[in-house]
Amino acid sequence: MNYQLNFAAVWRDFDTLLAGLGLGLELALVSIAIGCVIGLLMAFALLSKHRALRVSASVYVTVIRNTPILVLILLIYFALPGLGIRLDKIPSFIITLSLYAGAYLTEVFRGGLLSIPKGLREAGLAIGLGEWQIKAYITVPVMLRNVLPALSNNFISLFKDTSLAAAIAVPELTYYARKINVESYRVIETWLVTTALYVAACYLIALLLRYLEQRLAIRR
Amino acid sequence: MTHVAASTQNTSQALLEIRGLHKQYGQLEVLKGVDLTMQRGNVVTLIGSSGSGKTTLLRCVNMLEEFQGGRILLEGESIGYHEVNGKRVRHSENVIARHRAMTGMAFQQFNLFPHLTALQNVTLGLLKVKKLHKDEAVVLAEKWLERVGLLARRDHFPGQLSGGQQQRVAIARAIAMKPSLMLFDEVTSALDPELVGEVLSVIKGLAEDGMTMLLVTHEMRFAFEVSDTIVFMNQGRIEEQGPPKDLFERPQSPRLAEFLKSTRF
Amino acid sequence: MYESPSWLHELWSAREALWSGFLTSVQCSILAILLGTLIGVVAGLVLTYGRFWARAPFRFYVDLIRGTPVFVLVLACFYMAPALGWQINAFQAGVLGLTLFCGSHVAEIVRGALQALPRGQMEASKAIGLTFYQALGYVLLPQAMRQMLPTWVNSSTEIVKASTLLSVIGVAELLLSTQQIIARTFMTLEFYLFAGFLFFIINYAIELLGRHIEKRVALP
C-alpha cells in the first residue's frame, strides 16, 4: 500500500467538522424533546380505554418503527411540498427525527407506565388527587426516572441518526466529511477523523448521561 | 486434634481422601487444612454454621471451586491438579470433566436445564459424556426417573414441575451417571417445607442401597438417621467428627455443643 | 387535452426496476444479517468467556462500531476500501458496512444473553462431566438463543432499514430504484410512500416470523 497519511487537509477544516458535530447534537436534542412529548401522548393513547386512540397510536408506532428513517427523511423533505407544505431542510429533518423518536419513546414510556405499581395510583386517589393530577405529579415523574437509561440510549441513537441529515444536505458532520472527502481526496484521514469524532462524542454523551442518571435516580 | 473416624484406618482402599485442603478467595481463607477420608458405602454429612466452609469443601471435590493447597484423591486419582517436575499444575479441562463425571452433584437450586424435558435432562450426560447409545440412555434414564417416582413426568419441562419434583429429577440426572460418590449440597434448603420429605426419602433410599454420599444439610434429624459419620466444620476446619450418636449426644467441642443447641431438630 | 398517466400506470411500467431493487435490498440485508450474526456470535462468546487479551480486540471493535453511525460506516467502507488498495464494488462495500454494524450489535446481544443465564447452569453441566464446549452447545447456547431471539429479530429489521443507506453509494436497491423512477415521473409522494410500504412489509413479515418462532420455541 502506498498511501501516505496526511492529515493537513482535515485539520484545516477541523473547526467545520466540529461545527457539524455541534449541529448534529442540537438536532438530536430538539428532536428528543419533541419526541418525548409525542411519545408520552402516544403511550397514554396506547393504554387508553378508547379503542380508536389505541389503534391509531399502535399504527403510528408500528409504521414508523418498520420504515427506514432515510425514506421518512426523503418523503417529508421532497414529497410534502407537493401537498403545499414547504419546509426548510432543518425544520423538515427535525420533524422527521421527532416523529421517529416519538415512535421508539412511545414503547419506552408504555413499558415504564405499565411497570409502575398500581398502589401508587391508589395512594394518589386516597389523598384526593384527580386522574390527571395523579399522572402529572406521580405516575409520569416516577416513570421518567425509571426509564432514564432507555432515554439515554435513545438519545445516543438519535444523535447517530443525525448523520442521515447529510442526505438532504443539512450541514452536519457527515455532510462536511463527504465534502472534505471529495474536495481533498484525503479519504482515509477524513473518515478516520469523522469516525473518531462520532465515537468520542457518543462516549462523552454516554458518560454525561450515566452521571445524570445517577443524580436523578430514585434512591432505593 | 480432630477425632479420627474408624473408617480412616484402611486408607489404601479409601474412595475419597482429602489431605490438607486449603482454599482462599483472595485474602479470605475459607478452608484451612481439611483432612477427610471416605470408604465405599459411607454416608458422611457435613454440618456447621454458614460460612464454616462445608459447601466450599463439597464443591472442591468436583472442582467447581479451585483450591490452592492440599490434595483430593478420588479412587486414587488426583482431582484438579497434578505435579509436573515438582510444580502444581491444573489438569486439562478434559481430565477435569472426566473426574467430574466420577462424582454426581445435586444443588440447592436444582439447576435443571430448563430447555430440556425431565428425560432429556437425565440422558444428556449419558449421551454426551458416557457416549451411550440413545436407546440405552433412555432405558437408564427411565429406570432412574421411576426410582425417584417421576417416570410419569418424563416429558415435562422443569418449569412444569414442583420444586420437590425438580430436585428429584436433578438427583436422577446425577445418579444415572453411575458416580462412585454423590455430593448433595443443601438440596432441601430451597424447597417449601411440605416438599422436603419427598426429596429426603429419595436420598435415604439411595443410602440404603449402599451409595457413597457426602452431604451438606441443615436437616439435623435426617443427618442423624442417614449418616455413618457426621463432620462438624467451624471456620474452615473440621472441629469434630464421629458417628451421629456420639456427636449429637456427647459433643466434645464447646462450639459443637453451642451449634447443636442453636439448631432445631 | 393531455392527460398525465396515472400512478398505477407508472407503477406498472416501473415494476421491473422496483422488483430488482426490492431483490437487491433483500439480498444485501440477508447477507449482512447472516455474516454479521456469525461475527457477532464469535465476538459475543469471546467477550463473555475470553481472557483479557482475547477480549480486548473484540471490545474495541464493538465499541468502535457502536459509537459510529451506520451511515458513516457505509460511507467509510465505500471510500476507504479502494484507498486501502482493496477493490470492492459499492454493493460489497455496503454489505461490509452493514455486516460490521450487525456484528457489533449481535455481539452485545449474545454477551448479554449468556451473562443473564444463572451460574448454576454451567455448574450443573460441569457436574455431569460435560466439557466447556459441550456445556456451551447443549445447555447454554440453546437457552441464550431463546432469550436473544426478540432482540436479534429487532436487529434484523434494523439492518433491513439500514440497507437503504446503500442508495447513497449508488447501489440500486429499492430506495435508489425508487428515486430513479421519481426523477422520471415526478410522482414523489406516491413512490416514496410505496417504497416505505414495501420496507414496512419486509420488516413486518420479519417481526411476525420472529414472534411465531418465539412461540414455537418458548419454554413452559
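Letters A, B and C name the chains as they come in the text, with residue numbers starting at 1 for each one.
One rule holds in what follows: a contact is a pair of C-beta atoms (placed from the backbone, for glycine too) under 8 Å apart; a residue touches a chain by one contact, two chains touch by 3 or more.
A quick note: this is a predicted structure, and the numbers were derived from the prediction, not measured.
S.K.: Comparing centres built from CA atoms, which chain ends up most distant from subunit A?
M.R.: B
S.K.: Per-chain Cα mean versus the mean over all protein Cα atoms: which chain has them closest together?
M.R.: Chain nearest the overall C-alpha centroid, as shown: C.
S.K.: Please compute the C-alpha centroid of subunit A, do the same for subunit C, then give the distance between them in whole Å.
M.R.: Whole-Å distance between the two chain centres: 21.
S.K.: In whole angstrom, how far does the Cα centroid of subunit A sit from the Cα centroid of subunit B?
M.R.: 55
S.K.: State, to the nearest whole Å, the distance from the C-alpha centre of subunit B to the C-alpha centre of subunit C.
M.R.: 47
S.K.: Of all residues in subunit C, which touch subunit B in the complex?
M.R.: 118, 120-121, 123-132, 134, 138-139, 142-143, 146, 219-220
S.K.: Can you list the residues on subunit C that touch subunit A in the complex?
M.R.: 63-64, 66-72, 75-76, 79-80, 82-85, 157, 160-165, 167-168, 175, 179, 182, 188-189, 192-193, 195-196, 199-200, 203-204, 207
S.K.: Over in the complex, which subunit B residues touch subunit C? Could you list them?
M.R.: Residues 62-64, 93-94, 97-98, 100-101, 103-105, 107, 109-115, 124-125, 128-129, 156-157, 159-160, 170, 173-174, 177.
S.K.: Spell out the residues on subunit A that touch subunit C in their complex, using ranges where they run on.
M.R.: Those in contact with subunit C are residues 1, 3, 62-63, 65-72, 74-75, 78-80, 82-83, 160-164, 166-167, 174, 177-178, 181, 187-188, 190-191, 194-195, 198-200, 202-203.
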